[in-house]
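Below: a set of structures, written as structure tokens.
Next come two complexes, and both contain chain A; in the first it sits with chain B, in the second with chain C.
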Partner chain A sequence: MTKTRLFYTAITILCIVCSIASLYIQNLYLLRVFILAAITAILALSVNILVGYTGQISLGHAGFFGIGAYMVGILNVNYHLSFWLCMVIAVLFSGLMGLILGLPTTKLKGHFLGIATLGFGVIVNGVLNNWMQVTGGPQGIRDIQSPTLFSIPLEYGNYFLGFIVACLSLLVLVIYLLIKSPVGRAWSCLKQDEITAYVTGIHVYRYKLLAFTLSGGIAGFAGALFAGYMTFISPDTFDLNQSISIITTVILGGSGTIAGPLLGTALLSFLNEWLRNFDELRLVIYGVILVAVIVFIPEGIYPFFKNKIISLFSRRKRVNQLKTSIDPHAGKDAVNE
Partner chain B sequence: MNEQLMQVNNISVNFGGLWAVKSIEMDVKKNEILGVMGPNGAGKSTFLNVLSGLQQPSEGYLIIGTQKISQSKPWNMAKLGLSRSFQTVRLLRELNVLDNILIGGHMDAQKQAWDILFRTKRYRQKEKELVSRADNLIETLELSEKKYEKISRLSTEERRRVEIARSLMTQPNILLLDEPCAGLSPQETEEISKLILRIKEQGVTVILVEHNVKMIMSLSDRIVVLDHGQKIAEGTPDEIAKHEDVIKAYLGGSVNA
Partner chain C sequence: MTEFIQIIVNGMANGALYALIALGLTLIYGVMNLSNFAQGEFAMIGAFGTYFLMQMHMNYMLAIILSFIIAGLIGFVIHILAFHPLRKSEPLNMMLSSLGVSVFLVNLSQYLFSPNPKVVSNSFSEKSIQAFGVFLSEQRILIVIVSLILCGFTYWLLERSKFGRSVRAASLDPDTATLYGIPTNRIAFLTFIFGVALTGIAGGLTAPIYNVYPTMGISLTLKAFVVVVLGGMGNIPGAIMGGFIVGLIESFSAGYISTAFQDVIVFSALFLVLIIKPEGILSKVQGEKV
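After this line comes the complex of A and B, so read on.
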């Protein structure tokens, strides 16, 4: 218990330090990369609720991301509502869309669910592209107001990064509390075996709907933050590529864990930037790395290294126990060596 | 002792023209072990699926307490006090023994968003209560040493115990056991038999589907025999052992023939 508390205290301190440190980053390019990575991390966490914890496939998450961003864009630019009110409406609306998508699709599984969610993403992108009067079509929406928090203008990258790191930390905490609760246990059960969930009194459809709603809402939140930061949005950000890229991030980092999507986002964001040095070869190298990781570490990078470290320690512990059982002084010697 | 817990009324299940279960009627009494036996394909598992809500009956209904149930979702059946184990053990392999058993406590858990996000006092109390209930079951079912073991590291018999513990965690009135001794050695079967008797002593009614005739005869207070989806006999183990139709169903003819 003490160790756990120590661990969480360390994480909390790390989050606060990150938020404060973000105020001192001078390099504008780096600042932009960090902010976009943090938004992607929020999006990855939302996908992880569906894919990682509940075992549902979502190939249309860019749809929720786009709905969140466009709600802010439309309400802020056309109706002059404050950014924060727009953000609340965006989160609620994309959550509602998650619920609506969930209603017919909770009874689907595997490929069928994948196709249904993919269809959702394509429809949303189609609407964003073609409903010219409301969404501005391919030209998108410009001049979205940057948010101001307690008279701190978040249009400055440092403040925005500090704010977004705080949001990300809070979100991680909320998701952690959820998955360590009966709701998380129910999700884990219906992910691994729906029949078991049935006979233990878990209302399977209700819990799937909850996952769809939450996931949609959080993706909408990421979209709202994206709109607030970029101040310009267009449909090409919310296409199928975005959906695939985000699910790849989650699977690569390790779905079903909190650290996995965060690690996946960090690695892919910075890999993407670093590969810019290779010009035309960039996408080829990126693809090869992704395929290699998925082939050799299918469980994801975080679970792979976590399991390696655990097995290393448990092996060392067993060897020491064995040595101690043969010679009571041997274990101590082994440690000292 | 003879208080009626559940009434099965004319339950039938039709799969594309084939009657897997046909017009079954029976009563389930409080604190008894009711054995359900029959040859392969007799409809035992389908009947159990109907009782646990995994299969909707084509005809007929159940009466549990005062409620008449004709079509019900499985989670509602669990809420009505019916819990079950499976012929092929269904456990969550990624979780350890304690977490698997805690899944069974879902219906009693504190699930309000406020309680979960702020870890309120009543939430913590409830979780503590559930863990202590799971601990008691782990102790009763002699799984203490395996409490934190992953399911993949348990033997078949231990897995059966964990599954029964998870079913008991739902605090059922009626426990449905589908071939709890399938794949077990005679010693392990003996252990599971003792466990079933202990469950009965704690006031839980057990409906036991089993192929092991010796075991079902020694444990059951009453036995229902199914053949080709129909009930062919009902009575005490002694009555069943002498029943002509049962002998015919199992041996293909009269013992005297």
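After this line comes the complex of A and C, so read on.
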């Protein structure tokens, strides 16, 4: 008990230190990278709710991200609402969109769900690009007001980073509590086997819808933060590539864990910046690394290294135990056939 | 009335193309359980192959046949590196791997050949036939004819040949197929190569109409997925039907509603099908296995 309490205290202190330390970063380029990485981390957490905890694929998450950002942009620029009000509306609206997308698609599985969500992303992007009167088309929306928190202007990168790291920490806490709650247990049950979950008395569709709504809402939150930071949004930020890069971040990091998506975001953000040295070859190398990681570490980087490290410090017996527990096919066939 | 017929004719020509790409996609899905997001990139490879072979003053038809082989060879290498090692892991991983392959291929060709569109002109692309006030370029007629021949050939291959029987067995139940002595791994290999090679031909066929550029495959992949879902995953006649349906929806929405919202309308149609009949419009209903 004391050990776990120590662990949590350490994490809390780490979060607070990160938030405060972010005020002292001098390098503007680094600041920008950190802020965008934090926004990506929030997005990755939202996808992780779907992919990691309920076992559903989303290839259209840039759609929710875009809806959140555009809600803030439109309401702030056209209707002059304050940023915070816009943000609340954006989160609620993208959550609602998640619910609406979830209503038909929760009945779908695997590839079909992937293609349906992909279609959602394409439709949102198409609307953002072509509904000129409202979204401004390919030119996007300019001059979104930077938020001010308790008379601290967040247009300065340092303050914004501090704010966003605090948001991220809070979000991690909320998701952690959710996963430990009955809702999280229901999710993990229906991820393992839907029919068993149904038989146990879990309302599968309702829980899946909840996951969709939450995931959409959190992605919308990331979008609102993005709009507040960039003050300029255009449809090409919210395209298919974005959706794909979010889901690969989650899977590479290790879906179904909280640290996995965060680690994935950190690694991929770092990798992306480092690959700028290679200019045009950047995305070629990115693609190769993506395939290589999936081929060699299909369970994700975080679970892989976690098991490696645990096996270093423990006896052989325990290692074998862990290996069987991460094998996704162990015991599954016995149920299916 | 002529406008209406013109729209139908254009839609059919595009639809034949989509059917051809979707055919490869649905074959690969059926056998490997892989949603191949790099499918359109093989059309790009085929189109670039055709372009460079035509630069070397090769006959267009010969160039197309060679682009079939080029796409097949590259597909072979990619299957070994990116998909074969994942054959036992979850389908989601394979799908992500195909996304990585897609990123790799698009950007490599951007690096090697520059993003500028390249024009392929052959003897068919300038000429067009006019009948009853409807214009149709000979290239589009060629696309329809070649696509239909290839679809027919694939159908024959699957239904009548020994290879086709093994493919069908492997896609129905790989474990049982292995028990009956069917080399499912080799079948998966051959199906992947054949599927992407068909797409390579489709790329060579589009080249004179839509030009050749590195990102051309992405929209083709998306369309092919819509087609495959409409027709039912792994369903060959469904893919051919679906191709024509998507082609028609696309040209009607371009003709009567708006070109800009064309993709939105196609994907909305996909949504509608997924809601009403998720197993595809031509498939029989199958219950879930417990």
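In the analysis below, the second predicted complex is superposed on the first by the 315 of 337 C-alpha atoms of A that agree within 3 Å, B and C clash if a C-alpha of one lies under 4 Å from a C-alpha of the other, contacts with A are read in each partner's own complex, and residues count from 1 in each chain.
The rule is simple: contacts are C-beta pairs under 8 Å (C-beta built on N, C-alpha and C of every residue); 3 or more make two chains touch, one makes a residue touch a chain.
Here the structure is a predicted model, which means the values were calculated and not measured.
**Q** Given the superposition on chain A, are chain B and chain C in a clash or a fit?
**A** After superposition on chain A, chain B vs chain C: fit, no clash.
**Q** A:Val183 contacts which: chain B (first), chain C (second), both, neither?
**A** first
**Q** Using the touch definition from the top, say if A:Ile57 reaches chain B (first), chain C (second), both or neither.
**A** In the superposition, A:Ile57 touches chain C alone.
**Q** Is A:Val204 touching the first partner chain B, the second partner chain C, both, or neither of them?
**A** After superposing on A, A:Val204 lies in contact with chain B but is clear of chain C.
**Q** Touching A:Lys107, do we find chain B (first), chain C (second), both, or neither?
**A** second
**Q** In the superposed arrangement, does chain B or chain C reach more residues of chain A?
**A** C
**Q** Which holds for A:Asn129: it touches chain B only (first), chain C only (second), both, or neither?
**A** A:Asn129 sits against chain C, while chain B stays out of touch.
**Q** Output check: A:Ile195 vs chain B and chain C. Expected answer is one of first, second, both, neither. What do you get?
**A** both
**Q** Could you look at A:Ile294 and tell me whether it touches chain B, chain C, both or neither (first, second, both, neither)?
**A** The answer is second: A:Ile294 touches chain C but not chain B.
**Q** Quick check: superposed on A, how many Å separate the nearest Cα atoms of chain B and chain C?
**A** For chain B and chain C in the superposition, the minimum C-alpha gap reads 9 Å.
**Q** Going by the contact definition given at the top, which residues of chain A touch chain B in one complex and chain C in the other?
**A** Overlap of chain B and chain C footprints on chain A: residues 195.
**Q** Help me check something: in the complex, which residues belonging to chain A touch chain B?
**A** 174, 177-178, 181-183, 185-186, 188-189, 192-193, 195-204
**Q** Would you mind writing out the residues of chain B in touch with chain A in their complex?
**A** 52-54, 73-75, 77-79, 83-84, 86, 90-95, 99, 102-107, 109-111, 116-117, 119, 123, 166-167, 169-170
**Q** Of all residues in chain C, which touch chain A in the complex?
**A** Residues of chain C touching chain A: 29, 35, 81-82, 85-86, 88-93, 95-97, 99-108, 110-111, 218, 222, 225-226, 229, 233, 258, 260-261, 263-264, 267-268, 270-271, 274-275, 278, 288-290.
**Q** What does chain A use to touch chain C in their complex?
**A** 57, 104-105, 107-108, 110-112, 114-116, 118-120, 122-123, 126-127, 129-130, 195, 240, 244, 247-248, 251, 280-284, 286-288, 290-291, 294-295, 298, 328-329, 336
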